[in-house]
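Read from first to last, the chains carry the letters A, B, C and D; within each, the first residue is number 1.
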């Protein structure tokens, strides 16, 4: 009962890892958008496996179909349904877990919650579901882009290797120049080496995806429960393997005093701005016109190519072996997902903001 | 349009800091609960100002009225409305900000979003709104308590002073023994000293509230968007001044490998458990029966007793002076709010979980 | 869990007949409305009992309080909470039904559904709840009025006495000139006589409230489930004692052929209109700019001043006697409720229509 | 933004008449249902065109695909997506209306609301959308059937030819024995003749579908806005061409006195029942255990095989000619749609009723 996200621009996703495919229905996309289908495919390609040796070697084209909602190239205001058929599934890779729970996966909790689970590839709990989000997010980005809103997600940390630049110093044109999607090429190189080492250890590693949103107008976010950063937090934490979220300096603000943290207002060319941006572009849950920046931490992938202790459906002790084709580090493929979820949050609030004044 | 929270146990709050009062309507409280009104007052008292020299010296009794939904001591299944009249407002303390924006407050964003704002005490953006959450959360806690679910929030860090114990080592009976609400009395003492120093500096300081939930049954949380930790994150980030959220080790998991982070399953007395709990009690967005633990970071309070640069409604440069009776550190009073929001999330999922199996 | 109505302009009502009072929270009223409080009271006065000998002789002033959301006379965009304290309750009038079910009332179903009920005056099932709708509806009407939208509800039938004029022939300035609220005074007179006869028989009678909405712009209503007439139907059927709804000719269209029923388009002064209006102003669930007209049938009031067979909580046969001060016919007091619900539906769709185009 | 229906068992439909197909996503189907796919096809076959000379001669197999949510024959608790590819579209039949508005169709209102429309076959406004509802409704019926709930919709009136039997006298095994779906064969015969005459006149005719729900447990329906009959009303009025709804005697109750209309309670074998059932099985918006019965009126189909006056996109007067393969009377095909919508309402409330008691 929670396969939908958004109140004005509402997406509903469906599909399992090893079923016919993954899909999304967008209810609330305004009419009149010239939908760029190749851009949707571009975003899906950024997420798909097999892009480099750093990611899973599964080969899936992730080509999508438009089932409804677009007529003569434009959105009509009716639901836009997109479908991405599954390919290259090796369901037999999963027979060994049909009655065994992989540690730190969703196998156990799904089985207990529902009394049944599609164990093939993790079924609904597979990160493959995020393909639907990326497809919908691409449409959201097209709407936002026309408003001058630009979203830049990137890998800022893998293991203990992290970028040092502040968000203001980054050249975002470099993000897509390396398979890690870190806009500091020399750091990206070290991250790539670390991921490769981890892969050879048959282990996995986590990291941080950071994101900066430029050009967000003043006024997005709805007090009191749907504060903009609260929804961004929820959206990010709903991504597989995400374990934490912070806006602005976040946990680092703990050592600051109010006199250091507060962002003084000033006026420049008739526009009210802040001298610093410790608020992360959001005050009282509402965007203030400054850049919005936040971080999402991803734990190491649960599937490792090692034997692990576990139990079976009957609670008997057993060993689970890692099989299949998996990512030693999800961070590079998480970047377009963070992008997409940020776009879905922003487009939803951008629409909702049409309702607040008489 | 977002003054409601919850899908099954839905609360809607209303009221401003300097209006007649603050209220909440609970739609979805099951019938048959023997409501303990004194416990609601107890929780409100934990949140109210004037409890110690560490907090605001405003005196408000925060006594609540039951407007509906309880008959002969029991919930009837109809909406429960609770109202907390405002008292002791000194609205004239706010005349100086009627046309000026306090830095890092919501003054500017509300004004821009709505074209109008009730500037007295921050109006709707005041943390006074959280009294309504605490009242509703108390009812949620009464339901959860009968299910053996216990929520323990506490202050784990103020400025750079932090607790060292893991959540398993804490004696939670000590939380309420000191005004900081830190269950390590010697650390609490240092925190209190720091807060007092900061107060004398006419400045403010932030910190971290941590929370542990015991006895949560397996199965709470709804894939894919309403993952349990995603909703906890949203709920916590919707609290005034919260800037970050992490579940389990959160940002600290970034340095761990999958082989270190994964929680091996084993069976004890017929119950499936995990040897470690790096998942923070949640796997695939669903509770797995282990303790749920998370952290929420609060920035330093924006209102400081110092002059700050700002602009007025016309964009002219001006100076804002700190006036009124404010908290140098919100952490002690944030504890019951975190408690309440956790309870509201858990009771909502506990009810929703009744829907999933045939 | 369904004490709320509306998606953009959302109202949540609370309160019971014999508790402290009845209230409503409006979440989503746009900011900047100059709220006319006297108009809210005017609408409440139209609904309150004791207006004439045709209605219940209970005396309640139904004076309301503003608890939040209005500052210096204007809506601020935050929740508007209104509260109407109960007065003049004679709860002892209901002691005799504390363990007995009144026929065709909600006593039995509430008891079975919730296992408990506030029997005093029907508790939550009392039509007193509609006072909250009328108060909220008054605000909705103020918004609509500024858009040139006018709603005219009236009593078109009581028992078998009915108006003959089509909606185009009615002089709506006459509706409030008689206690029945029928805009044909000579018919109103007959209706009043019938109601008085029924009252003396210690019985009750039903009838039809009709409603015409003028000035509704083209485009309100949302395919496919929230068609404008579907929501109007739900809103009207949610009023106590309503048992049927029809739009346009409704059930009378059953004898017409398509060639008779279809509304031919033509253009007048650049505006597309229809020659007839059998569609009732709605085509495909969306307003087409013509007058919207519909009918709501109300059954006879269930409380009659006679002895009736029933059962008690244990299922034993018993007799229920009519006591208290009740309406022999609800139609006159239902008019402002139909008005209010129509306004709430229209204002909700008027706001939602802001979202559909890019 | 309203292509979804239901709160606990939520369906979202998508698709246009002449696009790739029509689909539905069910979010909230409990896990563990053994889904009978052939029964879904059976219901779709009842709705599809080309069943008899009384209905449209279009040939569409309406075979559906399962895209997600069913594993090894059972529902898993994840979204169930069903897709019905379109076939046999003759889009060129609609070229003549690409810039012309068919009278009493949704062409004009969609164009004005969205600024664009898929004119082929009515696009999203086509009754073809209801195929998705029928598919989802079939699953709802399977859940309800296991609870002993049975829904019987049937044609009770076509033009002025109507059934005389009360709902208690009907032999429902006869509904499917004739192409009209009227359970009184001799009346059905007259209806069929009338429809055939109307067809030869190149005209259309409306009628009434009635529905009886047996075995509905006490307690379904949610005060105050989601009363059971209010939701049934909305669901029925959301069906293409529906113009009115009544529960129980509905508009006929207008001539009854309270003493006639009230349903006296009595106890039979320990079960509380009512002697009459003028309440239509619902009191105070909640089912009381008696049969629920209601009527839905359908206007004559707007597409007639005659020339009609209209205007084009520029507002110029023009003539629209009837083309294509259309139904002279939708009633026979509306029966499974009414069935389906009733099932969707009931299953939603059946699930929601799990939430009301502690």
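Observations, loosely collected:
We take it that a residue touches a chain if its C-beta (ideal position, glycine included) is under 8 Å from a C-beta of that chain, and two chains touch if they have at least 3 such contacts.
This structure is a prediction, so every number in the text was calculated from the model and none was measured.
Set side by side, A-D and B-D show the greater C-beta contact count at A-D.
For chain A, the chain with the farthest CA centroid is C.
Taking each chain's centre as the average of its CA atoms, chain A and chain B sit 26 Å apart. For this pair, chain A with chain D, the centres built from the Cα atoms lie 39 Å apart. Chain centres here are Cα averages; for chain B and chain D they lie 46 Å apart. With touch defined as above, residues shared between interfaces to two or more other chains in chain B number as follows: 1-4, 8, 13, 28, 31-32, 77-78, 113-115, 124, 223, 355-357.
On the chain B side of its complex with chain A, the touching residues are 1-5, 7, 13, 101, 103-106, 108-110, 112-115, 124-125, 129, 157, 159-160, 198, 201, 203-208, 218-219, 221-227, 229-231, 233-235, 237-238, 243-251, 253-267, 270, 272, 274-275, 278-280, 283-288, 297, 299-304, 306, 308-311, 315-317, 352-353, 355-357. Touching chain B in their complex are the following residues of chain C: 1-4, 8, 10, 12-16, 19-21, 23, 25, 27-28, 31-32, 65-69, 71, 74, 76-81, 83, 113-118, 123-124. Residues 8, 28, 30-33, 75, 77-78, 143, 223, 351, 354-358 of chain C are the ones touching chain A in the complex.
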